[in-house]
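Alright, structures below, take your time with them.
Each of the next two complexes has chain A plus one more chain, namely chain B in the first and chain C in the second.
Up next is the complex of A and B:
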């Protein structure tokens, strides 16, 4: 029996197919990008090796790349400090409501998450449209006409509109993770708090919040890495504009490769992007591990 | 005297509790509107003439629904064809994700070999790698291998990018189940393939459910790879059709909304039917991930 567990052929048979697919489509392209990143290739035709010149430019000179990282940081900030508190709040109150209503609300809050990002993004482009958009019509109806905006076209507002849409789409996930965390808190603990005369706020601070800590850490680290990796909503709503105000790394490298024919340079960005993602994940995990 | 003194706070307390409850329900209702109203708006304006969007109302009553928008979506929007493509790609991808992740996880957790931890960690590294960093290079590789513009060009990366999470969920689950049954089956001379299909798969059912759900949502809604690796119309999947159609009928908003509604419908219906499993599965997958 132990013989089978050590059988090299069996191990190979079990592990190889998965590893092959993974290596082929995830790892190999990163190495190829590292190579293409050292060229001045336009995507077709001949190319020259330019060494680490592209990488140097990405890291030290590229302002758009920097803007993209800052936008990701802004998104992470808003997600963690606005979306998450709201999600946690609703996780707590739906838990208190109980019964059929609880299941109903829980189901509804997750609906935006199961709908394709293309549908929701294009929908929001229409909702936020300056001429016929739902939002401007709503503002007009409640006599706040002066607030009407070109929500995705205004250079100072577009980023916040994009962040709002991404938070709207992802709310269900954040909510659901907090909700399942709250369901994991033993009822006796809260009961004991009540008997000791704790009010709702004290219960939240003294019992719920400490018990939720592991869930909060998981949720926050998901939010940070996901913010870094955003692309589709940006591609579909603003394509980084106006100017580069709403640019994100993934969308930027995609534009450079397929619209600007800077294939070599875009690959250099891709590699730096992977490294930034790895470093961020490791740093976040370590900070949270030491806090746990 | 004393009795009223004690009774009144609890009476007040009851009213207070009730008031709190109504406030909670009210807030949840407001959020519900926030989550669903834009979608209702979308469906509403898919049923009227395009120019009604420029009217004053934010919802209109479609006295006579303009089904021709949907007719346009089904014919020029080619929704049925894209739907079939989506179903095929999703079905094959999710099947492979489950099969390969179960096999790999069994290899990593139950088989005895030196490098198992190392290889498991390499696969889990995939969590951190952004899909978008591989788009450029895979685009070139796929065209060199002549598999671009075919369902294979989607299925391979879809499987690859969902394997880390699937493997993580599976190995986590396998660690919690005792392997006594497997041991005795192996003692009786059961082969590894039969063992997988008759014993391991049934035991892993909850984990497999989670993997099916999370990867279904990922694959069904995936857009950017489908937009990049496919260049002709033949194999395109639903999410891309909206993008495509929006370009073709850029001023016919109602027809665009009809395509969007039709594209959202399958996953919405699946969600309504399976909602309990889905919310449970997502929560389990995310917390473990």
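Up next is the complex of A and C:
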């Protein structure tokens, strides 16, 4: 067996397919993007090389790009500080319930993740519609008319509506990861705590939370990168509107490439975006590492 | 135990393989559209079977223009059994996006929809993606004067328009009568109507503000009615004058803001797409609907309620008090049309199909007589007296028009002009920018 493992041909044979896929599916497109980012290509006909002009504009001048990043930051903030505590809370509760109810709730919380984003997004567009939407009708029915809003069209509210829907859609994943983390905590630890007289709160703070730390790290990193990459719900719900108030980077560059015919510029954004994502991931990892 | 593991692994591997092949198969057959049925007649001997790929922006094949297009396609296949026409249809915005990727991969379908507007068609003609057409073929087709101008480049013809487009205010007479609101003929009356409907909890006018371009058209209508000069908005768009310093454009922007503030547009109009806005009107939840003349089919579509069909009407865009524009200065152009791919392997057959479609006996005649469209070709000879009310009213407005705008201003310049000015007007309509900010921002994106 060892001989086979040390055989260079075997190593090559095993690594090569993966390397090939990675090269053509990841490296090559990024390289091409970086190249097109240096052109003024309109997606049709010939193009001129314009050097780093596009990149300079993206980083120093593009206000919409900045808005998009800020929106992503807002989404990440709300996901980590609102969605995650709630997800963890429900994970603990369902774990405590046990039995048939446990699997029932587990399934219920995960349903939004199983349904296509197109379906859930369109559902929320209808629920949040100002004219015939369920939410406004409900508020009217319970005599809270003054709370009625143009949820997706108001310049100051739209972003929060979008963030809410995205958090709702992603809730199941966050919940499931916490849930499996909690399931992995040995029962003996909690039992020992109970024998020593710890109440539920103390058990949570002193045992569950520290034991969950690695899971929290993973979950938070996933949440932050996912916030940056949001595209489908935005495209389907507001398309970045009103104006650019709910714009996110992925949607913005898609619009630029396919509606504004600024292929070159959109590619430059894509490259800058990849770099931003990489930096964010590294920073997040480092913050957690230093705390370890 | 080992055996179990091995067999499990084998099962998983097979499942993966199956999954992959399923994905592959799916890709090959993905087409979100109703595929045209192949006629069941036997192919003529001696004629080679050919397939023409047809890319359309009319996904609803059961009503309006989509129905007309599909009817003609079906007729053609029945008359030419050796031809199979495969239709792929998407709504406007997804259509434009997919069109771009077809162009980028040099993979255009044989015949496709185009908008005869510099923002869309100019680059396609310039770079040689569209096949040249022979103008002599269309001498007897009765296209209206000037209607093929925007489908031509350097004196050569590359496409054909299908309709006479015009901005239109559709109204629901019943809602006006029941609420004792006067049908507006002037700007102030429009504001009054908006306030009156709002007071009764009715949405005054439905508009698809998410699609943005409709707001540009509405603004252009206001500019025309204020300045009385069709050139005003184009001169500003090309940098001859400026948006911020032209008093008529400034006045129009203030009037536009006045309408937004009066609550003319329905709640949430900046997030309403075409379908949502139209439904509001079809369900008789909104008193008015601002859209193009291509929606005249609403009055004859049996899917719409009897009550709606009896009460729908259309009015000319209201004039502005002390504005210089007359009611007969209209915002009208030839937008949608067809072109053939220059690199199509069945180019000649595709042109034959195009010529058949636009033949006076087909698109204009069938379309007009079935109450589906207002054709871009002379349809006087096809009057039957059974036209629906919208067709009649629209023809009246078109016949009495003293000036027409041509290509809408947001489509007037090539490049990113369109997406820039569309974003700017949506921000303005949503109250994010002021009149000053809006006009200055427009000046900043004028191509230099």
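What we mean here is this: the second predicted complex is superposed on the first by the 275 of 292 C-alpha atoms of A that agree within 3 Å, B and C clash if a C-alpha of one lies under 4 Å from a C-alpha of the other, contacts with A are read in each partner's own complex, and residues count from 1 in each chain.
Keep in mind that, in the parts below, a residue touches a chain if its C-beta (ideal position, glycine included) is under 8 Å from a C-beta of that chain, and two chains touch if they have at least 3 such contacts.
Because the structure is predicted, anything quoted here is derived from the model rather than measured.
> Touching A:127 in the superposition: chain B (first), chain C (second), both, neither?
The answer is first: A:127 touches chain B but not chain C.
> Pick one for A:153: touches chain B only (first), chain C only (second), both, or neither.
A:153 sits against chain C, while chain B stays out of touch.
> Which partner does A:239 contact after superposing on A: first (chain B), second (chain C), both, neither?
second
> Who does A:73 touch here: chain B (first), chain C (second), both, or neither?
The answer is neither, since A:73 touches no partner chain.
> With both complexes superposed on chain A, which partner does A:257 reach: first (chain B), second (chain C), both or neither?
Touch partners of A:257: chain B and chain C.
> After the superposition on A, what does A:49 contact: first (chain B), second (chain C), both or neither?
Neither partner.
> Which chain, chain B or chain C, ends up touching more residues of chain A in the combined arrangement?
Of chain B and chain C, B contacts more residues of chain A.
> Using the touch definition from the top, say if A:287 reaches chain B (first), chain C (second), both or neither.
neither
> Quick check on the output: what are the common chain A residues between the chain B footprint and the chain C footprint?
Common interface on chain A, chain B vs chain C: 43, 131-132, 254, 257-258, 263.
> Can you name the residues of chain C that touch chain A in the complex?
Where chain C meets chain A, its residues are 93, 96-97, 100-101, 103-104, 123-124, 126-127, 129, 203, 209-210, 212, 266-272, 276, 280, 285, 415-416, 418-420, 423, 426-427, 429-433.
> Applying the document's contact rule, which stretches of chain A touch chain B when the two form their complex?
1-2, 4-6, 8, 10-11, 13-15, 17-19, 21-22, 24-30, 32-33, 36, 43, 90, 93-94, 96-97, 101, 103, 105-119, 122-124, 126-127, 131-132, 134, 137-138, 140-141, 168, 171-173, 176-177, 179-181, 215, 218-219, 222, 225, 228-229, 231-232, 235-236, 249-250, 253-254, 257-258, 263, 266-267, 270-271, 273-274, 277-278, 281
> Which of the residues in chain A come into contact with chain C in the complex?
42-45, 125, 129-132, 150-155, 158, 237-239, 241-245, 254-263
> Please output the residues of chain B touching chain A within their complex, sorted ascending.
Result: residues 21, 24-25, 27-28, 31-32, 34-36, 38-39, 41-42, 53-54, 56-58, 96, 100-101, 103-104, 106-108, 110-113, 119, 122-123, 126-138, 140-141, 156-157, 159-161, 163-164, 167, 183, 186-187, 192, 217, 220-221, 223-224, 228, 238-240, 242-243, 246, 253, 256-257, 260, 263-264, 267-268, 270-272, 275-276, 278-279, 282-284, 286-287, 289 of chain B touch chain A.
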